[in-house]
Amino acid sequence: MNFSETVKSLSSLNDSSFYHYGVESIPFPSVMELKEIVEICRSLLFPGYFGKSIIDKDALLYHVGANVDRLYEKVAKQILAGLAFTSEDCGCSECRQMLNEAAHEKSAAFIESLPQLRELLETDVVAHYRNDPAAHNAGEVILCYPGLRAICSHRLAHRFYELDVPLIPRIISEMAHGETCIDIHPAAQIGHSFTIDHGTGVVIGATAILGHNVTLYQGVTLGARNFPQEEDGSLVKGIARHPILGNGVVVYANATILGRVRIGDDAVIGGNLWITHDVEAGAKMFFKKKVLAEVDGALFI
Amino acid sequence: MNFSETVKSLSSLNDSSFYHYGVESIPFPSVMELKEIVEICRSLLFPGYFGKSIIDKDALLYHVGANVDRLYEKVAKQILAGLAFTSEDCGCSECRQMLNEAAHEKSAAFIESLPQLRELLETDVVAHYRNDPAAHNAGEVILCYPGLRAICSHRLAHRFYELDVPLIPRIISEMAHGETCIDIHPAAQIGHSFTIDHGTGVVIGATAILGHNVTLYQGVTLGARNFPQEEDGSLVKGIARHPILGNGVVVYANATILGRVRIGDDAVIGGNLWITHDVEAGAKMFFKKKVLAEVDGALFI
Amino acid sequence: MNFSETVKSLSSLNDSSFYHYGVESIPFPSVMELKEIVEICRSLLFPGYFGKSIIDKDALLYHVGANVDRLYEKVAKQILAGLAFTSEDCGCSECRQMLNEAAHEKSAAFIESLPQLRELLETDVVAHYRNDPAAHNAGEVILCYPGLRAICSHRLAHRFYELDVPLIPRIISEMAHGETCIDIHPAAQIGHSFTIDHGTGVVIGATAILGHNVTLYQGVTLGARNFPQEEDGSLVKGIARHPILGNGVVVYANATILGRVRIGDDAVIGGNLWITHDVEAGAKMFFKKKVLAEVDGALFI
Amino acid sequence: MNFSETVKSLSSLNDSSFYHYGVESIPFPSVMELKEIVEICRSLLFPGYFGKSIIDKDALLYHVGANVDRLYEKVAKQILAGLAFTSEDCGCSECRQMLNEAAHEKSAAFIESLPQLRELLETDVVAHYRNDPAAHNAGEVILCYPGLRAICSHRLAHRFYELDVPLIPRIISEMAHGETCIDIHPAAQIGHSFTIDHGTGVVIGATAILGHNVTLYQGVTLGARNFPQEEDGSLVKGIARHPILGNGVVVYANATILGRVRIGDDAVIGGNLWITHDVEAGAKMFFKKKVLAEVDGALFI
Amino acid sequence: MNFSETVKSLSSLNDSSFYHYGVESIPFPSVMELKEIVEICRSLLFPGYFGKSIIDKDALLYHVGANVDRLYEKVAKQILAGLAFTSEDCGCSECRQMLNEAAHEKSAAFIESLPQLRELLETDVVAHYRNDPAAHNAGEVILCYPGLRAICSHRLAHRFYELDVPLIPRIISEMAHGETCIDIHPAAQIGHSFTIDHGTGVVIGATAILGHNVTLYQGVTLGARNFPQEEDGSLVKGIARHPILGNGVVVYANATILGRVRIGDDAVIGGNLWITHDVEAGAKMFFKKKVLAEVDGALFI
Amino acid sequence: MNFSETVKSLSSLNDSSFYHYGVESIPFPSVMELKEIVEICRSLLFPGYFGKSIIDKDALLYHVGANVDRLYEKVAKQILAGLAFTSEDCGCSECRQMLNEAAHEKSAAFIESLPQLRELLETDVVAHYRNDPAAHNAGEVILCYPGLRAICSHRLAHRFYELDVPLIPRIISEMAHGETCIDIHPAAQIGHSFTIDHGTGVVIGATAILGHNVTLYQGVTLGARNFPQEEDGSLVKGIARHPILGNGVVVYANATILGRVRIGDDAVIGGNLWITHDVEAGAKMFFKKKVLAEVDGALFI
């Protein structure tokens, strides 16, 4: 077959933003490498659960040290790729060295924050165990629970976000989204002891802020309500537009909370609710039985 | 252990439709191959973003040409497998040649439509970028957004559907469904500049028709409402049973639109709504605050 | 870079439950191995659809026999890993032999139940085909439908659950959850001829009981309503807390049924409903049009 | 970089025999596939030593049957590729079907001769064990000895040669050559109970004929002596030009036997000898001490 | 095709030594695993040259420690497989535990001898560098020289041999033989500062003993001369039958030294010689020019 | 097990030349990458025989162009690694850029010489076909003959040698040595129409020079004879010490030619000969029958 017309058409891409030339000789961030980075982090955060499954106590230090060393260059390389994707790098050796140094600094800062991330994640494990009557032990939570998996990825992605690394946070978030059906924007701020049960369909927007001890069930959306437009019709970027949840808030399955609303400490939002205004601390909101009972013949709850 | 009884029982399958003998010497469509085909298509549609990440401008023609050539036989082979699965191929050399020629014609037609698919997908990228305040640039959309990924797979699957290729469209759809939690039937007709934000849980049925510039948020179902039954109790196949959305329609998170209803141009359907009748062009439908305020004490929105 | 402080901090884990030492020389259950086990089971349950795609009728017995033989040791090894994870194995040769014998017995029992599982799954295939107007044939259901995939994994996981195997059932469930966005707890009891259409977001809790011929659409939750707390604030474990669905029940998209309620035979639950009380047999529950019509101007259904 | 001249030059290949277009849609024989075919054969010839290492006695029949079934199509496909490489196949469906039928017949004939090949190879194992004082048991010979490995590959390659399959025999020979440094032309005829010790550098030419119970040590060449030329200077093809070794012949390390000479039964050829004439049955040929002693001062043997 | 006769014939193997049942639930030594073990050893012996290629000085301890920890269980598992292959293990838990303990003891002893093996190998590297005018530096020798590669494998295999581990030493030797065409029996005893140049075709027999600073060129055989037979015609096993080379001996290409002869310190054996008697210390043996000059017209050296 | 002493001992490597720290952030040359580079070159030199086996004539340009583009960066990266291994790179950005530019220049020069290398290799293919009575066609030579494989690798390695690239040439040579048992030093100069038959054990030294139309059989050594020593006992490096073979020379199996001798045009060297002096053009040297006949009783040739 001769496809020369098709080939010519598909190759006519000069100056198109849909064709990425790449900064010279710096390849794109690699999804495969980022998967491995997340796996190494998991094995550092929960040794024996991920990575090598039998670790002699005498050898733990070695494995941790070797993984940290592997991580350092791997992370730096991906950060460099992320920086190059968005920077105005001219390809000269000065620009290149500057990017490379920035990448290594950010990589070191990321690694140095792992002990703190582990402390946070330990509170998340405990929270999951306490909140799920079906959980047998902490190990089961660490190994099997998609909620914990998503939170772990989020905390890593959020750390890259805080370090002003482009692209990488989003790729890690989407990897977790694909695996767990839980979609947390890497910019979202989340306190300790966070639980997501089942998790399918959870969406947490970029400017959402969650306190400590928050619990979300499947299908919960913490989304934006208004999308103010620029004059050209595109949406205004960068506005705080997602909810703020206080400490101890519980949101049951498929509830939707939209806009920059505040849900007070220890409030409970019932399943399938649609919330677009503030909720007082301690409020317990559910569908009212009586209203539902009015529904003709067929409907009662 | 002697499992001879179990083995015998599991092997007693003659004439069962749950045991597939396969058309002689034509293997089944391969999920692995179809994954690779989709990946090659992605690298043709968005060069530099997928596949080889650094492409010299002088070499783009070569890479496109080589990928098109690889694609031609790969696609023909999978189409042949799909045709053999459903055809009444008797295994003779005439039948075989006929199937093979059909497969190659369809493969060529598929490839020749790629430039047109790219034009469509470019409108989708622009739409996503404009509709998401958190998007930094078109590249981030192409690389990371599950909505765009699902739409890209859909446009490829739909093209195979239009070419009357059996099985392959569905397998591609389900691959995208597994990756993105977005479930678009390959038969669904979708206009240009389509956006799906977050996307988890979106379901678009087989006979749905969407205009241009449509935007859907997570959890939106465009489904069937009635399932007329055959006399034997099974459902009647092939009836138009899913919604028609006009140009510019926006459907917010978790709304459900069921049946062959028409949603007029530029209508906006609020989150969590349940729509089973036509909606006028330009209508903006949301839960009414007052009704919700009636709910006893605990519930307001 | 010198990360000795970080390494030291990450290695200071003695006596932490977040560090798994493993029972001496018995590795952890392997997700890779369990994936392969599920794939072998699928190829035994639906030969020709999974595994080797062209099987000569004369050779079916051999392939089945060889796969059963491979399965026996593979399954026993994973069960042993699961038992070791939770047992109080002291590492002595007696404990070890006892665990090993138990693992082999359970593996044999699992394999011997495969013919029965296939009978069940054949009813599920038929049910999916009859319930989806877009399905062309049983083969397409077996190959492509995420609902069937999830049910197949559930029936395997549930069998391991019945055999008192720890961890393995949950890992298999979460593998299916990740692939299909359908989250069925392995303990859930489900009758024959079960259909899940589209499936994204379906959640079925641990103590749920479903009769025969049940049909669920996407986003349906069969969840818990009350979570009685222990004195220490953690949730009481092991209480029957999920719904019981009779034979022939249909639940449409995004409906939520919570608590130990009974949905009578042949009841139909409309989409987006929120059910927390019993429903009579034969009842057909939908949103009442009139109530919705009251909603101001913008909302009608 | 712009390499357009180089690319143009490297692509200017029309009508060159150094550029292989391939018979339309029949790929080349695959070295990977042939490796796997040889591995499957090894696991059929010596079950438990190659392939699955623990085989329950009750399951042996199943594994053998499943492997034979896999082998049939795999072998047929490679034979077809070999036939297509050399045939004057015009690409029409009749030619194609004829080639395909021939390939399947040859594949079946190959498989049906495996039991006989195993009988031969069992005599080779026994011979190796008896001839090597360092061998501990038959299993060690089967698992580790390069001589046996090379002979096994040769017997398989020779069977393909007898079936008039082009290319495949040579590829299998060269695979064994690369692994063991033993170079046996697939056309060479070799009796039972054959031993090659160490083996590095052994060369056995295409028209060589070896009786039963022959033993060769490393570096032995059974080669051609004269290469009669065609008028154009190229060598005449197809002449019997390699040695004939009787039963029980032993040839020690690095001896070279050239031309269509006959080495009588039970003759022993000493190391490093250069033989270009017939040798009587029972002769024992070694370097004569006296001659060597003549060598001045420095040389004695 | 129906191959039931062939399958039946190939499965009729009861009580044949050509069918390995395996000790129950202990798999065979794995060539793949042994390859990885040798690679890990290489990375421990020459860090930075094999395994991870960039190692921060601060991280070397971690990588070494982690590799030693990985090695311990891996080696123990392969030793166990080797022991089970030859032991009279009855499969009871006592036998099993005894084998397992022995395997772990031998693994520990192996690992503890690695520092000493490295000292030896350092002398080999220096010797290769000094003996090859084409070598640029020690690093090139470590990375590229097949002689060093073969010696490294031999020193590892020999250590397993000293620890009375069955099978494993031979498999490691044959792996090196296949890679380098150098065939050193694992039982051979070899002093420090050993050089093999080019190496193709070198054969060193089981009972050979080599002093320090020995240099061998390609094609050298240190073999057996007499093979005394048992009454049944098989060869007597276990006799010292290979040469003893003193310190500083050099043997040039393709020389053959056979039998339990002694080559004195610093002797030099010329290429292509055939030696079957002792050689005095300091002797320099070459083909005598005059003798060769006698050869009629055509031959002189 | 606690191996802290062993770990400490294996880690105590500061300032040892047996521990390679690597030039900062430039990894070692990768054997895997070099294998792929050689494979891509083979597919450029003999399209359709290596790499993609079915290439449409219309698509050849694309495949060649795409492979050339892939090759450019891959080769540059390995050259950079080779340069860094030996250079006195201080790690600063100027040094780094200089190395990088040199690497890209050498990569471009390498690629631009491929058309010329193909012309040479075509003469080698023709020579092999003419010299082997068992060869059926040029394709068989290209696909299967280890001699051609080794020569192809040599011509690539020699090109890197000419470009003053360190390490890479040697690694490519040793890869070919391991695969074919043919050991050609990358510095050796070899004319067109070169044949190596069988090839096992062939050794060609660094300073050897071979004319056109040379033919070598297995086991031929073109080696060094004298190794002048430095005062410290190590060998003097860089002296011309290997033979020069004229045009049309044939050397039969296992002959050894040592030292800087000249073998005149069209000379024929018989098997197993040992040559250390010049040979006149046209001379035909073989063992003299008469001399051999003198050997007592047992030996005649």
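For reference, chains read A, B, C, D, E and F in written order, and residue numbers begin at 1 within each chain.
Simple rule for what comes next: a residue touches a chain if its C-beta (ideal position, glycine included) is under 8 Å from a C-beta of that chain, and two chains touch if they have at least 3 such contacts.
Small disclaimer: the values here were computed from a predicted structure and weren't measured.
Common neighbours of subunit D and subunit F (chains touching each): B, E. Matching D-F against the pairs in B-C, C-E or B-D identifies B-C as its interface repeat (over half of contact pairs the same by residue number). Here subunit C and subunit E face each other with the same set of residues for the most part; over half of the interface numbers are shared between them.
When the C-beta pairs in contact are tallied for A-E and for A-F, the bigger tally goes to A-E.
Measuring from the averaged C-alpha position of subunit C to that of subunit F gives a distance of 58 Å.
Taking each chain's centre as the average of its CA atoms, subunit D and subunit E sit 26 Å apart.
Spacing of subunit B relative to subunit F, judged by their CA centroids, is 53 angstrom. Multi-chain contact residues of subunit E (touching two or more other chains) are listed as 1, 3, 7, 25, 54-56, 58, 61-62, 64-65, 68-69, 72-73, 181, 200-201, 219, 254, 272, 287.
Counting only pairs that meet the touch rule, the chains in contact are A-B, A-C, A-E, A-F, B-C, B-D, B-F, C-D, C-E, D-E, D-F, E-F. Subunit A meets subunit F in the complex at residues 1-4, 7, 25, 56, 58, 62, 73, 93-94, 96-97, 100.
Those residues of subunit A whose C-beta lies close enough to touch subunit C in the complex are 44-49, 53-55, 57, 60-61, 64-65, 68-69, 72, 104, 108, 111-112, 114-115, 118, 122, 125, 129-140, 142-146, 179-181, 198-201, 217-219, 253-254, 271-272, 287, 292, 294-301. Residues of subunit C that touch subunit A in their complex: 1, 3-11, 13-14, 17-22, 24-28, 85-86, 166-167, 170-171, 174, 177-178, 181, 183, 185, 187, 200-203, 205-206, 219, 221, 223-224, 227, 233-239, 241, 254, 256, 258, 270, 272-277, 283-288, 290-291. Residues 52, 54-56, 58-59, 61-70, 72-73 of subunit D are the ones touching subunit C in the complex.
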